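Two complexes are shown next, each including chain A; its partner changes from chain B in the first to chain C in the second.
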Partner chain A sequence: MADELKDKIREYVVDEYVEEGEEIEVKDDTPLISGGLVDSFSMVSLKLFLETEYKIKIPDEKATAETFDTVNAIAALVREYADA
Partner chain B sequence: MSNIGSYDERRNDFDWGQAREELAYDDAPTKNIAYFLAERNCERGLGDKVALIWENAAGDATVRFTFEQLRLYGNAYARFLRDLGIEPGERVCIFMDKIPDLYFSFVGILKAGAIAQPLFSAFREDSLFTRLENAETTAILTMKKLAGRVRRIRDKLPALKHVVVVDAGDAEAREGETHFDVYAGEPVEEFDIYPADEETPSVLHYTSGTTGAPKGALHVHGSLIAQYITAKWVLDIRDDDVYWCTADPGWVTGTSYGIIGPWALGATQLVLELGFMPERWYAAIEKYRVTVWYSAPTAIRLLMKEGADIVKRHDLSSLRHLVSVGEPLNPEAVIWSEEVYGLPFHDSFWQTETGCIVISNYPGMKIKPGSMGKPFPAMEAAVLDAKTFEPVKAGTVGLIALRPGWPAMFRQYWRNPEVYKSKFVNGWYICGDRATVDDDGYYWFVGRDDDVINTGGHLVGPFEIESALLEHPAVAESAAVGKPDPVNLEVVKAFIALKPGYEADDKTRLDIINFVRRKLSPIAMPQEIEFMASMPKTRSGKIMRRLLKARETGEEIGDTSTLEDD
Partner chain C sequence: MVYGTAAREFYRSELVGIRNDGLFKEERYIVTPQGADIEVEFPEGAPVKKVINMCANNYLGLSSHPDVVAAAHDGLEAKGYGMSSVRFICGTQDAHRELERKLSAFLGTEDTLLFASCMDANAAVFEVALGPEDVVIADRLVHASVIDGIKLCEAQYDSYKHMDMKHLEKKLEQFADKRFRMVATDGVFSMDGDIAPLDEICELADKYDAMVLVDDSHASGFMGKTGRGTHEHCGVVGRVDVITTTMGKALGGASGGCISGRKELVELCRQRARPYLFSNTVAPVVVTASLKVMDIISETTERRDKLERNTLYFREQMTAAGFDIRPGVHPIVPIMLYNAKLAQDVARDLYEEGIYVIGFFFPVVAKGQARIRVQLSAAHEKEHIDKAIEAFKKVGEKYGILGLGKKEIIDKYGM
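This part shows the complex of A and B:
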């Protein structure tokens, strides 16, 4: 289940942020925002994706560059609010 | 004692001739900006001084470059461009992240006599296309990771003769493209710098307006005089400083004060490839002993949200002077920075068009938190009545205006003389912002006088966003406005009427948001979408964007018939 969640997040990030022909491997701990792949303005769309996909509500103050920085961190956030 | 000493005294005794004298400008072999950034510093004995401290995005590599290296790598880029056949006056776009090549190529383009056209690396195909097409750009210098965006629009850009990838190493270039490695090959010791005069075009920066496509504000080599003295007096940069400007050179702050001003002073500057990350930013100040920090209100407000504890974990004692730009700095941020850093942020005001800081808070001058400060010495500013264009009384809201004639003022909107002309009334340049001035001569920002959206210090034109929205298959009608936001000043909000058959749900919302991001850029992407059954329109059928904006700001709109001409 956990892997499915991470795979889904990874798939979204790769589809939306990795350019065609770009050789970037997005691993569970690849820094997305601090690594420059995902910009901070895009957190809104990433948050909306998670909320739509997993029928959860993530408070705005939880959507930070740190909590969205890796697939691992995002998955942890989703789990936290899915369980809430 | 600060560089400016007494603001009031400088207000009385300064004229631009003094800045020329300090730069030995009239005796210089050329007025080319690149000469003043590289050769002149080496001639002054600063060749071995560090010009650039660069840290990569991952934060695990730091490279230092001296002014002599800046000269040599600038030469290498200039030689490469000249060999490529780039003629003086041609537009050469720099489309890169904040890597050292961005800075070296900027110097090289100017040395070759071409016009540097830096574009923000977050721009996607449509934003890129609009600006390259309008400028008839002949060459673009870019990175492997960004080249795909250029390839996808290249067929529609007949003027674009050269696509140059600067970080491809030894890999073979694709057909029709060129690779360039500034670090390879023999150093280019000598280059015949293009003999620019003060009015020779230097930099072309695009800025957004309410209507139509973004406009290219063209600057000239003589801008250096104003960028030099404002960097010295407002940013208070001194010989032993480590100066950090957090702006990206895709925007004017990143060139005027992230390249030209500080290097004209021979200062060491820090560049982080990384965007905003609180922990990494504080760690960088501590590690590189940053003394002067020039940042933006959005970043400062985000740092406020992070709180004071994170600050306590770092030694920020090196900091000496803090300045802010991009949007009005709220009084709470000024007070907070004084409490937490022991230093207030000094707000400064200027625009792409002005080329340099025009109204500011100065070191040593009393700060009124929330105020933009006072006009730079030798500059005349006023608040004008919106109808008569005559100066208003203290405390009355009007248009910020500046008397033209300072060296860094833009010289034209690229291929757009009509709009350029419209910016001047009664001998004043009209900034497009509203403000008041108080009895002590301090300016207080009120808001934009048009529908341009200022989000996180970036200006975004509603027309560009609405055009992109209308290309989405689900969108029948759209309007984009700036919604007030506690961190970003404004965020883009889109009102959308959907075509029949599309659901007004989060899935559609996400699809539209990502669609705009992929077409334009993350900053132009709506942060919020409100679906409407139909849009409010004038009798002639035009969407009343200002009515929608008033709803967001809580502003009284009154009789909507007055919006007929919007």
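This part shows the complex of A and C:
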């Protein structure tokens, strides 16, 4: 289940943020925001995707550069709010 | 004590962090008027050095143009120095309205509202135009002031990959249920010189019933055959709903910006835009000088034509010399170096050679995309450009990067 979740997040990140022609491999621990792939402005689409896809509500103060920095961290966040 | 030890230590550690990250910005003191030839004191206390300025937004070379300076002098005598008021109390002179009319005529829009800067215009427009029922979808590389303006409004916001029309269309489809959709883009992107495909954007906007906002700060006055801007360049004059732009770049370079577009929206901004309501009016001297700028660029395309020739010449010669240049037609010419240290080293050596340019690197541009941004001007004569090219070649040879592409430069210097 966890892997499916991470796969889905990874797939979205690649589709949404990797520019055409860019060769960037997104692993579970690849730093997305501190690594420069996703900036804080465009992070909002990821939050919107997670909320729509998993029918959760992530408070704005929880959607930080740290909690959204890796697929692992995002998956943990989704699980936290899915369980809530 | 309010400013106690904890606060002081915090600010100090932040500054140390900025320095350690190599992001500390230092000002260089220019002791001459702005122009192609300037004299610079850098670092502070160093002897003044004569250099060719290749990094100003002085695209049309009007910043110190004698007619513009004379118009500023005349304006100072005729209209005074300050107005000591916001626009709507007692800060609007006839000259302010005249400039708004001239800007509307030049840009091909219905009405215009002046602001102290384009940053203020961008801070104003989204909040007035959009509410919580709406969405603004912005190109990912829009200027920071557009992002700030979007964050100040209550609308949902989202972004699309840089100039990726398929991605934009996907987003427009996704937000079909919103009351208003607004697409926001720069006309020309400041770090790349990329020109937004406004024709395609307007097509998509028509298809999905969206408004289009363009920050044309790096285009007003010279893009397009008669210099109206990116909308003229792309053949969509009259189809862009809102243009925000600045007088602080090609149009004299002093200060001031505007929102120009659909008359109802501009009128509503005149009623509600907070940076308009709560910030001082544009100084009379800036207004009268800007009026002269509008006259100069409306009478002849000579200056934008010269800028175009300078740009073409520089791009051709630098490409022939073996530099990796982001292709395009804009006077912003990114010399790609990819590695941040290399960009800083090359810029420093060029300064020693009498060429004033700046290296840009993360977070100003994406990681691994470090570059030197050269900006051409109509103030440059062929001799200036030739001297710059020779200096670039000399420094390029020193670092062994001539003829190398992206992969080779990265192999040699790393990301």
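To be clear about the criterion, the second predicted complex is superposed on the first by the 84 of 84 C-alpha atoms of A that agree within 3 Å, B and C clash if a C-alpha of one lies under 4 Å from a C-alpha of the other, contacts with A are read in each partner's own complex, and residues count from 1 in each chain.
What we mean here is this: contacts are C-beta pairs under 8 Å (C-beta built on N, C-alpha and C of every residue); 3 or more make two chains touch, one makes a residue touch a chain.
A quick note: this is a predicted structure, and the numbers were derived from the prediction, not measured.
**Student:** Chain B versus chain C on the shared chain A, clash or fit?
**Tutor:** clash
**Student:** Tell me which partner A:48 touches in the superposition: chain B (first), chain C (second), both or neither.
**Tutor:** Both partners, chain B and chain C.
**Student:** Where does A:33 make contact in the superposed view: on chain B (first), on chain C (second), on both, or on neither?
**Tutor:** first
**Student:** Check whether A:65 is in contact with chain B, with chain C, with both or with neither, and answer first, second, both or neither.
**Tutor:** first
**Student:** With the two complexes superposed on chain A, say which partner A:20 touches: chain B (first), chain C (second), both, or neither.
**Tutor:** A:20 sits against chain B and chain C alike.
**Student:** Check the contacts made with chain A and report whether chain B or chain C touches more of its residues.
**Tutor:** Higher number of touched chain A residues: B.
**Student:** Superposing on chain A puts chain B and chain C in one frame; which of 148-156, 220-228, 328-336 or 364-372 is the clashing stretch?
**Tutor:** 220-228
**Student:** Does any part of chain A touch chain B in one structure and chain C in the other, and if so which residues?
**Tutor:** Touching chain B and chain C on chain A: residues 19-20, 35-36, 39, 41-42, 44-45, 48.
**Student:** Which chain C residues qualify as touching chain A in the complex?
**Tutor:** Contact set of chain C toward chain A: 138, 140, 147, 156-159, 161-162, 164, 362-363, 366-367.
**Student:** Which bits of chain A are touching chain B when the two form their complex?
**Tutor:** 16, 19-22, 24, 31, 33-36, 39-42, 44-45, 48-49, 51-52, 61, 65-66
**Student:** Taking the touch rule as given, give the residues of chain A at its contact with chain C in the complex, in rising order.
**Tutor:** Contacts found on chain A: 17, 19-20, 35-36, 39, 41-42, 44-45, 48.
**Student:** Hey, which residues of chain B end up touching chain A in the complex?
**Tutor:** Answer in residue numbers: 57-59, 97, 122, 144-146, 148-149, 273-280, 305, 456, 506-507, 509-510, 513-514, 517-518, 522-523, 525, 527-528.
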